[in-house]
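These are the structures, in structure tokens.
You will see subunit A twice below: alongside subunit B first, and alongside subunit C after that.
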Partner chain A sequence: MFDTILHVALLLLFPPLVVGVVQKTKAVFAGREGAPVLQPYFDLAKLMRKGAVYSRTTTWLFRAGPIVALAAALGAGLFVPLASSRAPIGFEGDVIAVAYLLGLGRFFTMAAALDTGSSFEGMGASREAAFAALAEPALFLAFAIVCVPAGSASFADAWRALPWRMWLEAHPELFAAALVLFAVLLAENSRMPVDDPNTHLELTMIHEVMVLDHSGPDLAFVLWASAVKLFVFAGLLVHLVLPIPAGWRGAGLFLIGLSVVALVVGIVESMMARLRLTRVPQFLVGASVLGAMGLLVALMERAG
Partner chain B sequence: MLAIILAAVGLLCASAIVAALAARSDRFSLVVGSAGAIVACAGGTVASVAALLGGAHGRARTPFATPLGRLHVALDSLSAFFLLCVFLVSGLAALYGIGYLRGYRRRIAPAVACFNLLVASMATIVLASDAVLFLLAWEVMSVSSFFLVTFESDREDVRRAGLIYLVASHASAAVLCVLFVLFARATGSFELDAWAAPGAVPAWLANVAFLLAVVGFGAKAGFWPFHVWLPDAHPAAPSHVSAVMSGVMIKMGIYGLLRMIVTVGGSPPAWWGGLLIGLGAASGILGVLHALAQHDLKRLLAYHSVENIGIITLGIGLGLLGRSIGRPEVATLGLAGGLLHVLNHGLFKGLLFQGAGSVLHATGTREIDRLGGLYRRMPHTATTFLVGSVAISGLPPLNGFVSEWLIYVGAFRGAAAFPMAGTVGAVVVFVSLALIGGLASACFVKAFGVVFLGEARSAEAAEAHESGRPMLGAMWALAVLCAGLGLSATFGARLAAPAARLLAGPGAAVAGATLATRLSGNVVLVAAILVAMLAGLALLRKLLLAGRQVGAAPTWGCGYSEPTARMQYTARSFAQPVLAPFAMLFHRAAHVEAPAGVFPERAARDEHLEDRAQRVLFPAVRAFSAALSRLGFIERGRVQVYLAYVLLTLVALLVWQAVIGSP
Partner chain C sequence: MTPARASVARPRPSIPATENPKVVRLGSLPLGDVEGLRRDVIDRCKEGARLVALFVPPRATELVAVVARDDCADIAIQRAALAGPSYPALSSELPAAQAFEREILEVHGVRPEGHPWLKPLRRHDAHPFFQVDGPGIHEVAVGPVHAGIIEPGHFRFQCAGEKVLHLEIQLGYQHRGVERLMLSSSPARRIAIAEAIAGDTTIGHAIAHAAAVEALGAGELPLHAQAVRAVALELERLANHVGDLGALCNDVGYLPGASWLGRLRGEMLNALLVLSGNRFGRGLIRVGGVRFDLDSGQKRELAARLAEVERDLDAIVELVLDTPSVASRFEGTGVVSREIAEALGLVGPVARASGCDRDVRRDHPAGLYRFAQVPVAVTESGDVMARALVRALEIKRSLEFVHDQLREQPEGPARSRQLALEPTPARPDRLVVSLVEGWRGEIAHVAMTDADGAIAAYQIVDPSLHNWLGLAMALRDGEISDFPLCNKSFNLSYAGHDL
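== the complex of A and B ==
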């Protein structure tokens, strides 16, 4: 029971913090003081207290988009390991459920973008669709590297079976899994080098341009949902790299790990330029290839 | 149960005959034909569900002899499952047809009669337990659906599609004849029971038969590259027929393949599963990519049938591989997922084709890029189409997710449990499913978004009207079924489980009799959590907005103040970046009118991504038929000459019998 409450508390409270750390890191790299780390919380609180403006072109789908995206992200958050390697809800196949829940959120975000009839938002939806489709196989290959040796497509079993001594012994496939997961994290959460969350030109955006027309609580839901999504991916990465015990100690270690992931995302973002759009598929296919190689190594280890 | 199902088939045939005889009054024949079809399908659906849950089996023979033995029907769990698909989807299509056919200004009685015959023939195929009845019903299915495809025969493209379809059907039937004759020669009987006797079919024949079945039944099912007829034929038919053809008829190919595997019996060699996984991955990925490249709504849906046949085949291939390797739990999961997807695809593809028909009915166009903004004019069509789109993309909490999820879980288990070569197969299954899933959502966001959302792109779309009650009733029923089978995933898995057990072999009864059903309970949990979250957040949004100012404004144009509907993103532009990495798989046909001069007056670019398989196979078929036309001199068009041919053949046969044939 305690573990469940801790899990839900982490899931509800900490996602915006990850975004805050990323932004602070970027500010420091750029030589600015930057907004406080808690700024994403202030933004959410402000937006929740505002009214909203809706385009006359839109239907209820436009209003449903942020709700579905947030519900799907929070739902996925219930299945992934956070404070301990066991999520409150786990079963065989939860790995797949998480990927598809995030897919559902994406479907409705893209549909809401097309609902406005704006060519810019259509463009964003189209790019999101293209890159998400290519990121999906990479994500499943990364999951497979962890799940196949454990013999079960469940986070709890797979993470329990992880050989934490991998940092001492040679387990190159787990490095590959971590790298692939990081690449998918960047792509799925519209970070550099796939998307630039801070660009000011609609033509160059992907995720941000899809949500141009949302305002007030809807925009808050959108921001919250993307924070939760980043949190879920970063959490998976932390669990892949560190053994997290249950209880308070685990929660502390987990939050430290999360901050490190956020720091790395911020550093990558500060040091890289966005890839040309035609190069992004190569980045994602490259991640898939790396994942396939990692899986092959995992299978050969099992066989030999 | 068999008696009720046979009565349903009888009622379908009888109402078809009455509808055909009463062709003078279209109204009367529509009423009689549709009522017969709906009553028969309702009865058949109930009976097949009862047979699946109660495990009722049965068989019957005709009391009279026909050439090559007495006709023989049998009901087992595999046939009961496919009967459920046939009756459920066809019954709702018949309801839809009442509204849809009225829109035609032509004789509709033949379409009504052929529709009922088509349904009856599909039910008979599934029931047939001897090769003669099977082939007879197969032929009735091909011919009745040919007449339905060419219903609008005054259109050139429809006639062309019909001819392609007829040639493809008969090429596949020819392969099946060879298959059945080989079996009959080896066993001396046309009965499936005789073929199923242990040791009746030698191993080499089983392998040859499997290959022939993959070609013959695969051509019907739409395996890549035998799918070439499908994207032309399915859109040409009236929409409720397209729904039945895509939702049910192509599954007859899957049924035939599965029946062949059950009949041959025993544990199949591992390469059978491997080949099916390869074909499934190719059909699934190429199918969805070609669907993305389409701008015609019904053609897009037709290519999605190729994709979904691919998913089904991935599940079946994984199941067979599991059986060969001796992993009954993987076999059960793969087969249960594949079979359940047969039913699920029938439901959502039926729904989507009916939605496309409703749009066509309302606007007169299938060009996605001429539509837009239909949500406000056709809310019911739009909402049900959205349900179908989410379901076909395999997203929770709807039914498509359940079957794909079962295949995924099986593939992960397979990857863990199989030896190396088998693992590669299992990995191919889940990686292809992941890619197909992402591309399918892209395609349906495109189709749904461009057709129903935004602003109308043409006058037709701006003046659209909602369809009538029978059509909406059928669509809502299918939408509710899609949601119902998603929210109560266990029930769907229970329906597919008996047939999966039959195919998975004797080991499955011990290892995984209820595995798929038990595991699918978790999907119900996911769906419940999701629904609860949605309800909670919707409430939260409502509370947050209560008492606040909610305004309406034009869409933010990024500083541009005079946008027009033509500036919206189109289906072509939406698909372009998705398809760009796969460009080499298509043949690009572009018509470019470059801007010329200092003040260019017009410029245009019209680009089509064409199917390479069609570009290779169609010329090959044309060359073959040109070669055969050299034999045209035999045809004199005079009865005397034909009688002479008959006489000559008889004499030749007599001589052959006298010289060689006598023992």
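== the complex of A and C ==
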């Protein structure tokens, strides 16, 4: 019970902090002081108090988009390990449920974007669909590598069978899984080098251009949902690399790990320019290839 | 790593030319017929000259063409009488004339027959956009209101997926009637209007205007004032080029470049502040001289500031151009071939990035540039990287030039902090062409005086007028997501185009 409450509390409270740490890191690298780490919370509070504007051309789909996206992201957060390696909900195959819960959120975001009838948003939706289709195999390959030792497609089983000392032995597939997860994290959360979350240039955007027409609480939901998504991916990465015990100690260690991931994301964003849009598929296919090699190694180890 | 080949172009001719500003008596320019002018201008441009200006003076009785030959410092002026409400367009054979002829249609209602895309330059509401038909073709409309703080302009893309088949750029939202204001204003006000033609080219346009008026009055400027003008012009170039490189970094999401270069742009503007008391150089240039002289204290301060900036600048420019992720975004993006650049008559760094070896400071030197040479930077590849590289090289050379001038500036008469000369009255029945290489490229001011010596026609050509179509061509068959980056690499003025 305590674990469940802790899990839900982490999931509800901490996602914006990850975004805050990324933004602070980027600011420091750019030689600026930057907004406070808590700025994403202030933004959400401000947006929740505002009214929303709806175009006459939109239908219920447009209003449903942000709500479904947030619900799907929070739902996915209930399946993945956070403070301990046990999530509140778990069953054989929950790995696939998580991937498609996130997919459901994306589908509704895209449908809402198309619903506006704007050429910008349609462009963004088409890009999102294309890149998501390429990111999905990479994500599944990373999950598969993690699931091979347990022989079960459930996060709880997978992490139980994945003792931390595997990192100290020769297990290159774990490096591959971590790298692939990180690449998918960057792509799925519209971070550099795939997308530029800070740009004001609609023609270059992927994710941001789809949500241009949302305002007020709807925009807050969109921002919150993307923060939760980043949080979920970062959480998986932390669990892959660190042994997280149950209870308060685990929660503390988890948050430290999370901050490190956010720091790394911020550093990557500060150190390189964004990829040309036509190069993004190469980046994602590269991640898939790495994942496939990792999976091969994992299967060979299991067999022999 | 050197991302693209860059070279120092041919040295200046050994005898400094004094053809710029060029003044001619109207009586010495016979009024020919339009067909003759058309043939002659087209033939000259085929032989390597370029169209500087083409306009109809206010009474709409004649057509005036200014053609410059860069390799022999020649500026040719032609007039032809207009008979009737239309004439055969030059644009059908000379694409560089297209914007000029659209303006002629708009302002005077004179139709250039045979123009390939004849719609008014600014008042275009009733005119449809060029449209591409076919399966999967879609249209994307951007502007005139943009995200971010930029001027208004409308961009209409015809796309097949991510690929741009055609881009039409529609401007005119910044039209203020500058040319007409020039005619109705007092001489003292004209220079202030010239400074406001394009806010980021205050010095360039002010020098072009002042030089034109001074040439009409046959006044010669003290060398010292010419030196201050040249230093100001180079500082303006430095501030804008540095800012442009930073903006290019920002558009590809490269933070260190964006923030460092943004700060250094501020330092350059501050140098202009030391010189003139205004960060954009307003109020410095006046007809007959400059308002503020450089005293030795200011010289020392400027030199110290620039030396400090130079250190940081070298390091960050090298970092930006050598970062593989930045280079991979810049290289091969938005290519303008040399043929297209020549055909459209592009000017400035954009033309030099496509291998066109032209720079007014060397080809038609005026003022201090007759004595002090700035090497011209030319690259061949015509892509965003080339345009960045040309700017980086020009930054280096302008800095050297300013340092040299601060060290060796001719000591003029002690006329510190005052207007240099009493302007002499303009000579009657003259036409003057004044060219200045602003940071964006060639600025041309053409003025005509009537029998009383009053200014009867004033034509302004901002480099943007030549270059906007170059941007549209750079996008052709490119990625629509590359548009903001290409746009930044051109960084054209909306106000300068719309006037």
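Methods note: the second predicted complex is superposed on the first by the 304 of 304 C-alpha atoms of A that agree within 3 Å, B and C clash if a C-alpha of one lies under 4 Å from a C-alpha of the other, contacts with A are read in each partner's own complex, and residues count from 1 in each chain.
Here, a contact is a pair of C-beta atoms (placed from the backbone, for glycine too) under 8 Å apart; a residue touches a chain by one contact, two chains touch by 3 or more.
What you are looking at is a predicted structure, and each value in this text was computed from that prediction instead of being measured.
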Partner chain in contact with A:140 - subunit B first, subunit C second, else both or neither: first
Partner chain(s) touched by A:103 [first = subunit B, second = subunit C, both, neither]: first
Which superposed partner A:29 touches (first subunit B, second subunit C, both, neither): second
First (subunit B), second (subunit C), both or neither touched by A:193: second
Which of subunit B and subunit C A:78 touches, first, second, both or neither: first
Which of subunit B and subunit C A:253 touches, first, second, both or neither: neither
Contacts of A:204 with subunit B and subunit C, given as first, second, both or neither: second
First, second, both or neither for A:285, with subunit B first and subunit C second: first
First, second, both or neither for A:272, with subunit B first and subunit C second: second
Set intersection of subunit A contacts, subunit C complex versus subunit B complex: 119-120, 122-123, 126-127, 202, 277-278
Contacting residues of subunit A [partner subunit B, same complex]: 48-59, 61, 63-64, 66-68, 70-72, 74-75, 78, 89, 91-97, 99-101, 103-104, 106-107, 110-111, 114-123, 125-127, 129-130, 132-137, 139-141, 144, 147-153, 202, 212-213, 216-218, 221, 277-278, 281, 285, 288, 292, 295, 299, 303
Of subunit A, residues touching subunit C in the complex: 26, 29-32, 119-120, 122-123, 126-127, 192-193, 196, 198-204, 269-279
List of subunit B residues in touch with subunit A within their complex: 372-373, 375-376, 386, 390, 393-396, 401, 405, 408-409, 412-413, 415-417, 420, 423, 427, 430-431, 434-435, 437-439, 441-442, 444-446, 448-450, 453-455, 519, 522-523, 525-526, 529-530, 533-534, 536-538, 540-541, 544-545, 548-558, 563, 565, 567-569, 573-578, 580-581
Subunit A-facing residues of subunit C, complex: 138-142, 147-148, 161-162, 249, 251-256, 258-260, 263, 323, 325-326, 328-329, 333, 479-485
